[in-house]
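First the structure, in the form of C-alpha cells, and then the observations on it.
A, B and C are the chain letters, set down in written order, and residue numbers restart from 1 in every chain.
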Amino acid sequence: MNRMFKERLLFLLFRLCALVVVATLVILVGYVVINGIGVISWSFLTEFPKKGFTAGGIFPAIVGTLYLIALVLVIAVPIGVLTAVYVVEYSDQPLIDGERVRAWMRREAMALHLRANAEPKRPAKARKPRKRGSQRMFYRVLRIVITNLAGVPSIVYGLLGFGALVIFFNLGMSLIASAITLAFLVLPLVITASREAIEAVPSSVREASFALGATKWQTIRSHVLPYSIPGILTGVILSISRAAGETAPILLTGAVVLKQTLPDSIFSSYMALPYQLYALATQYSDATRPMQYGSALVLLLMVVGLNLVAIIVRNRYRAKYRW
Amino acid sequence: MNGSISISNLNVWFESNHALKNVNLNIGKNEITAIIGPSGCGKSTFIRCLNRMNDIIPKCKVEGRIEVDGEDINDPRMDVVEVRRRIGMVFQKPNPFPKSIHENIAYAPRLHGMEQGRTDMRSEPKTRKYTKKEIDELVEWSLKRAVLWDEVKERMNKSAYNLSGGQQQRLCIARALAVKPEIMLFDEPCSALDPIATAKIEDLLVDLKKDYTVVIVTHNMQQAARVADRTAFFYLGELIEFGETEQIFEKPQQKLTEQYITGRMG
Amino acid sequence: MKMTSRLVFQNELEKLNEEVARMAGLANQAIEAAVRCIVDKDARLKPEVERLDREIYSLEQVIEKHCLDVIALHTPVASDLRTVSTCLKIITDLNRIGRYASDIVESYEVLAGSNDFARMVNIDHMAELVVGMVTDATQSFIKRDPESARQLFERDDEVDCLYDTNFRAVVTYMIEDPRKITAGTHIILVSRYLERIADHSCNIGERVWYMVTGERLNPKDRKKDRGSCNADIREIPGYGGSSHELEEK
C-alpha cells in the first residue's frame, strides 16, 4: 500500500468521524427544532402553564432556570477563581485557614458520599498533622481531588445537597440549596479553566510588575487576572451549560413540577426547564408533548444564547490583551 | 540620596547548590558597573539580589549584607516593595505589559502615588495620589528620558506590543524610571536586540549614569568595555576580579580574568 | 565566546608572529651584510642589501595591514592587544633598520675607493656591537624574553660613546687634512647610521618589555650621562699624523 493511498484513506476516515459528529449534532438539534419550533410563541414564553401542561407557557421554568444560572455563577465563579489564584500564586506559602476549611468541607462531603454509596470512591486520606514538607503533597492531592470532583455523578451531588443543605442546614427545597449544589458541581470546571488561564500568563509580566514595586496581590489584580479573563470565561461558559442542563441535582434540592407563583426569594422552591422536561416526559400524557419539545428548544436556545454572550465578551478581552 | 551599594559576604543557595560564594563588592554611585562572566557564573543571581527579586524564587536562600544608603536591604524589617521602588530593574527580554504605552508607564506611579519626602526603606513613605495631569507629565518625562518620546508620542494609546524590540526595551526602561529610583539594574538588556537598538540603549545607559547608579549584567564583553566605568568578573559563583574597566581589559590581575576576556576559557 | 572565532584568531596571531620574525630576520641579514660590505669592502653585498631593504619595506606594509585586520575583526584585549600593538610598532623600527643598512652601503664607493682612513676608526667594533644588538633585539621578540631586552640599553650607551669618539676623531683628522673631508664625512654618516640602528634596537627591546610585562620602562634607564664616555681614540697603526703612510692597511 503506497503512502499517498494511505494518507488519503486516513483523511477519509477522519472526515467520516467528523461527519458523524456533525451529523449527530444536526440530527439532535434538528429534531428538537423541527418539533419545537411550532410551539414557540410570545405567549408560550410569557405565560404560566395551564390545563395540566397542555396549554399556556413555560414562563416560570424559564425564570427559574435563569435565576439558578445566575446564582450558580455568583457562587462558583468567585470561589473557583480565587481558589485557582491561590493554587497557582500562593502555593509556596504556608496554608491559610480558609483553605483548610474548604479542604475540611470537601472531606466531609466525601465522607457523606462514602456513607451514601456502598463502594468507596477512592481511599480515604490519611489524617496525620500536616508538616511543612508535606505541603507539596497536599497540593498534589488537592489537584487530584478537584479533578475527581468533576467525575462525581450528578445524582450523588443531588443526594449531598439534599442531605446537607436541605435537611441539615435547614435551607429547605430552595433555589439556594440547588444553587450551592450545582456550584460544587461546576466548581472543578471553573477552577481548572481559571488555573490554566492564570498559569498561561507569562512570568515575565509578573516579574516586571514586582520589579516596579507592586505587591503580589496588586500584581494579580492588575495583571494576572485581567489577562486570565478569556480563560476564566471559558470556564464560565462550561458552567452555564452544565448548570442550566443538570436535572438530578436540582430535583432533589428545590425544583418542583408546578408552582403557581414565581420564586420570591432564594429560599423558595422553583420550576426549572430540565426538570420540567423530565417530569412531563415521564409522568404526563402525550398531550403535553408540544410543551416538552417547546421546553427543550427553549432550553437549548437559552444555553446557546448565554454561551454566545460569554464568547463575545471573551473575544473582546482576547483582542484587548493580545500578547 | 546616595546610591552606592556595599555588598559584604553575600552567599546564595538554590536548595543545595551554592550559587554565590562570599561576594564582597562596592558599587560606586553615578557609575556604570558591569558584571561579566561565563554562563552559570552567578551574575544574574547576583544582580537579582540587589533588588531582592530572588525572594520570588521559593527555593532560594540569601545571606549577607547588601547596604544601600547605609541600610541593609536583606534585613527582614525592610519593606521589600519600597526596596524595589528605589532599585529598578530592566530584564533581558523586553516585557511590557499588554496594555497601551501610556498605561505601561502610568501603572506603577499610580500604584504608589507621589512621594512626599523620602524615608528609609523600612516603611512605606507618605504619598499622595497623582493627578491625571501629573501622570501625563510623568509619562512624557520618562519617555523623553528613555529617548522614546518622539517615536511614540503619536500613539500613546496603542498597544505596547506594536513596538519593535528595541523600542519595547526602551519602554521598559522608561517604565522603570517613572517610579524615580536611585539605582537602575539591567540584566542583559541588549541580548535580544539588534546592533542598532543595542547602540541606542548603550548611549542611553551612559546618559543615565549622570543621575542614577547603573549596574549592568552582560555576556557581551565588548559592551562592558564600551560603557562601564568599572567591571566585575564572576566565575563559578565567585568574584574573581573587580576594577576599572580599562585595567581589566588591558592588564587583568588574575589569570582567570585574562583567560576569559581573551577567549581562551572553556 | 565562540570557539571557532578564537581558533581563527589564534591562527592569525601566530601568522603575525611569524611574519614579524621573518621581517626581523631580514633586518638582521641587511645590517650584517651592510657592515660586511663596508668593513670587508665586499662590493657584491651592496645590491644584496638594497634588495633586502626593498623587501623589508613591502613586508612592513603587509604586516601593518595584517595587524589592523586583527584589531578590526577580533578586538584583541589584554596581552593579545599588547602583542598586536607591539608588532605594529616594531615593524617601524625594523623598517628603519633596513633603511639605514641601505644608507650605509651607499657610502661603499667613497669608502672603498679611499685609503684616507686606513683602519676605520672604531667602526669595526661599533658595527659588531650593533649587529649583536639587532640580533638580540629580534631574538628577545621571538622568545618573548624581556630581560635580554633590558640588557640592550647598556650596549646602546657604549655605541653612543663610540659614536661620539668617532665623531671627534674624524673631525680632528678632517681639520688636519682637508683632503680627507669626503671620506671623513661618510665615515661620520656610517657611524651615525650605526648609532641610529642601535637606538632602534633599543626601541624594539622596550616594546618587547611592554608586550610581556605590561609596564613601560623608565626613560631614565635608557639614557645614561653622555659625558662619562670612556672610549679611547684607538691609535691607527701607520697613521701618526703623516699623510704618507696611508698605504699601510
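In this section, contacts are C-beta pairs under 8 Å (C-beta built on N, C-alpha and C of every residue); 3 or more make two chains touch, one makes a residue touch a chain.
A quick note: this is a predicted structure, and the numbers were derived from the prediction, not measured.
K.L.:
From the centre of subunit C, which other chain's Cα mean sits the farthest off?
P.N.:
Following the centroid criterion, the farthest chain would be A.
K.L.:
Which chain is the middle one, judged by CA centres?
P.N.:
When every chain is reduced to its C-alpha mean, the one closest to the whole-protein mean is B.
K.L.:
Give the chain pair that accounts for the most C-beta pairs in contact.
P.N.:
Of all chain pairs, the one joined by the most C-beta contacts is A-B.
K.L.:
Could you work out how far the Cα centre of subunit B sits from that of subunit C, in whole Å?
P.N.:
Centres of subunit B and subunit C (C-alpha means) sit 56 Å apart.
K.L.:
How many angstrom lie between the CA centroids of subunit A and subunit C, rounded to a whole number?
P.N.:
Going by mean C-alpha positions, subunit A sits 97 Å from subunit C.
K.L.:
Roughly how many whole angstrom separate the Cα centroids of subunit A and subunit B?
P.N.:
Taking the mean C-alpha position of each chain, the two centres sit 46 Å apart.
K.L.:
Of all residues in subunit C, which are in touch with two or more distinct other chains?
P.N.:
none
K.L.:
For the complex, which residues does subunit C have touching subunit B?
P.N.:
Within the complex, subunit C touches subunit B at residues 1, 5-6, 9, 75-82, 214.
K.L.:
In their shared complex, at which residues does subunit A touch subunit B?
P.N.:
92, 202, 204-215, 218, 222-223, 227, 321-323
K.L.:
Which bits of subunit B are touching subunit C when the two form their complex?
P.N.:
Residues 38, 221-222, 225, 249-252, 258, 261-266 of subunit B touch subunit C in their complex.
K.L.:
Inside the complex, what are the residues of subunit B that reach subunit A?
P.N.:
Touching subunit A from subunit B are residues 51, 53, 56, 58, 81-82, 84-85, 88-89, 91, 93, 95-99, 107-108, 111-112, 159, 161, 172, 175-176, 179.
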